[in-house]
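Each of the two complexes below includes chain A, the first together with chain B, the second together with chain C.
Up next, the complex of A and B:
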């Protein structure tokens, strides 16, 4: 059994959506400015809202461009709208509206974008490019929580932060609970789940579960691999990345999204500019996704993209080999 | 309620003064969106210098009426009004298009007190104005009722809105699908505190609006979307004032208002009118400016 840091206690799988719901309701009870902005795609804990806060629900229908701009206007008037839909729709479809009518003026809009790179819904909804097209936008904070606790804490932090935030809500499979209730979440701060000496896996979102499993598998083979949870995809925690490179000299990034424009590229840039170190990026390699509900019994898409713990094990070994080779050259 | 002749005459004179302010801005880089700016100057004059609630000493006054310039490339007209109101000194006109200037190439809420919306990407302004109108309704609904309201239910006494929301759209902008998303939204939420003004100057960049992509039948479209519609001559000051007053008086009818202002691209400068000038540059621009200065230069 690997030795984890403080605030880590692996538990049963729990839907992160539960954490988002809880934080939104607590936030709405405390702060009258919080408004649910719907785009005919439901809302986390919608029944509670319909029962308790019907006057604070705005429904724009399947019109994401209008939705994004109305959100900007509500924020301009002092409200805190939470815009909920699929990521391909509320940011992807309305990219220019988000840019022009939310980000240009740093309006205090919160966007929850559903679906990661896999799920039963298929190629249209599985937004592999979502992180990439969002990271290039100035003034936008991007959060990608890994489990139910982090989802709740990230939602809470998102509501407290003054400015535009995108929270990515991934779909299946339900990740195991990783953090304890007193986990101290901070926007822009990575959290070291496990320290290591041979290599570090920097994981975001649901890939954290796989990264932890990979570290345990590697420990059985006598390798001490660290795991760093990077919930905030923008701004990245540069200091934590540099520290991991200094300590272990080999970095593997793990993301359930395209490696182009995603976590892997961000980490690569930080390393190149500060402390070049061998790097392997694990993610989706420039292709679209497809249907494939992931359950404990079925993981076709994970196999397809090479995103299982076993695949990470291979990548970590490749990265350590790169490190050894570069030492030989020295 | 008829407006007296002296008010109409003084606003007409102000309009000409605003045109002069626009010429000054066009001169900075011998460039500007002359056609669409000239077509909307009269409406902007009526709005800013007479109709809306706006405090030049405090442009961020929470109860000010909101004005969204959705066709934000014609923000020169708004800048001219802000100078005339004393929000900015006249010298600012000469910094139009310059680095660090409050008079940016497209209206920018952060740079310019008095500007409510950072526009430029066409088709989004009506959504923003509708969002602000919705926010007004929400603020009224969420605040504790006043002593007056506890005695008089709202259906007996009609209250004025906290503020009204105005949006100026171009006619070519109506090609954007989002405008009609916003039209449905405003109608659904009964935004009778929202007024859209369409600068129907009949010309886009590539040619006549109704050739590029027909928008007609325009009034019928807005009516079908559940809006109250009125058509006016957008260069007749009396008509502009009358229709704006009417939209105020109709508050409480649960309908968003659409004013279709029939205008002329490049209005008032024959050189630009004849060319349906969209974006003027260099000598094309300066020829019009010289003509305009001669015509309106004596205005005080």
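Up next, the complex of A and C:
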């Protein structure tokens, strides 16, 4: 059994949406300025909202460009709008409006965007590019929680912070519960789930579940692999990435998203500019996501895109081999 | 270039974004004082008083190399 750090207690799979709902409701009860802004996609815990605060719900319909402008306008008047939809829609489709009407003036708008390669919703709705096209935008914080506890704490922190935040609600298999209730979440800070010496897997979102399983499989093979949870995708925790490279000399990134523009590329930039180290990026290559069948025994897309713990195990071994080759050259 | 403002007591990130003084015109936020004012000059996490003396301001990017 792998030795995990403080605030880690592995449990059963629980939907992160439960944590988001809980924090939004607690936030709305505490702060009258919070407004639910819907784009024909419902809202986390919508029944509670319609029952308890229907006057604080605005439905703009399938008109995401308008949604971003309405959000900016509400924030300019002192409200805290929470804009909810698919990430390809509320940021992707409305990219220019998010830039012009929210970010240029750094309005206090919260965006929750659903995204990830999972299930049978098709090539149009199963998108994986959102982190890439959002990370380029100045003034925007991007969070991608890994389990139900982190989802609740990240949502709470998002509401507490004054400024624009994008919270990516992953469409993925249900992640296991990883963190204890007293886990000290901090925007911009990575959390070391497990220390290691041979390599570090830097994981975000659902892939933390697979990364932990991979570290346990690797331990059975005599390899001591660290796991670093990177919930904040912007700003990245540069210091934690550099420290992981210094300690283990081999980095594998893991994301249920495109490896272009996302965690993998962000980590690559930090390493190249500070402490170059062998890197393998696990995620979805330069291709579109698509539909995949899910049964209790089988998840087609996870297999197709190589996002299982077994795939990470192979990538970690490849990365350690790269490290050893580069040492031989020295 | 980006700027971060942290609570000096609990390290909460209070601001992340463009360096406040970097924009030549139409600044979104005029000063660090404005940011602290968004929080009523009290850290929402630890309750500590926020002033320019009690926060840590970090500017990152090319300017540190001379630009």
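The working rule: the second predicted complex is superposed on the first by the 326 of 330 C-alpha atoms of A that agree within 3 Å, B and C clash if a C-alpha of one lies under 4 Å from a C-alpha of the other, contacts with A are read in each partner's own complex, and residues count from 1 in each chain.
Simple rule for what comes next: a contact is a pair of C-beta atoms (placed from the backbone, for glycine too) under 8 Å apart; a residue touches a chain by one contact, two chains touch by 3 or more.
What you see is a predicted model; the values in this text were computed from it and never measured.
After overlaying the two complexes on the shared chain, residue contacts for A:138 are found with chain C alone; chain B is out of touch. When the two complexes are overlaid on their common chain A, residue A:188 makes contact with chain C while staying clear of chain B. In the superposition on chain A, A:105 makes contact with both chain B and chain C. In the overlay built on the shared chain, the residue A:260 is in contact with neither chain B nor chain C. Of the two partner chains placed by the overlay, only chain C lies in contact with A:163; chain B stays clear of it.
When the two structures are aligned on the shared chain, A:95 is found in touch with neither chain B nor chain C. Legend: residue contacts after superposition of the two complexes on their common chain; A:275 is shown touching neither chain B nor chain C. Comparing chain C and chain B on the residues of chain A they touch gives the larger count to B. In the superposition on chain A, A:61 contacts chain B only, with no contact to chain C. When the two complexes are superposed on chain A, the residues of chain A that touch both chain B and chain C are 104-105. Residues 104-106, 108, 138-141, 160-163, 186-188, 235 of chain A are the ones that touch chain C when the two sit in their complex.
The residues of chain C lying in touch with chain A in their complex are 2, 4, 11-18, 28-29, 35, 38-39, 44-45.
Of all the residues in chain A, the ones that touch chain B in their complex are 32, 35, 55-56, 58, 60-61, 63, 65-66, 69-74, 76-79, 96-97, 99-101, 104-105.
Of all the residues in chain B, the ones that touch chain A in their complex are 108-110, 116-121, 123-124, 127-132, 134-136, 138-139, 141-142, 177-178, 181-182, 184-185.
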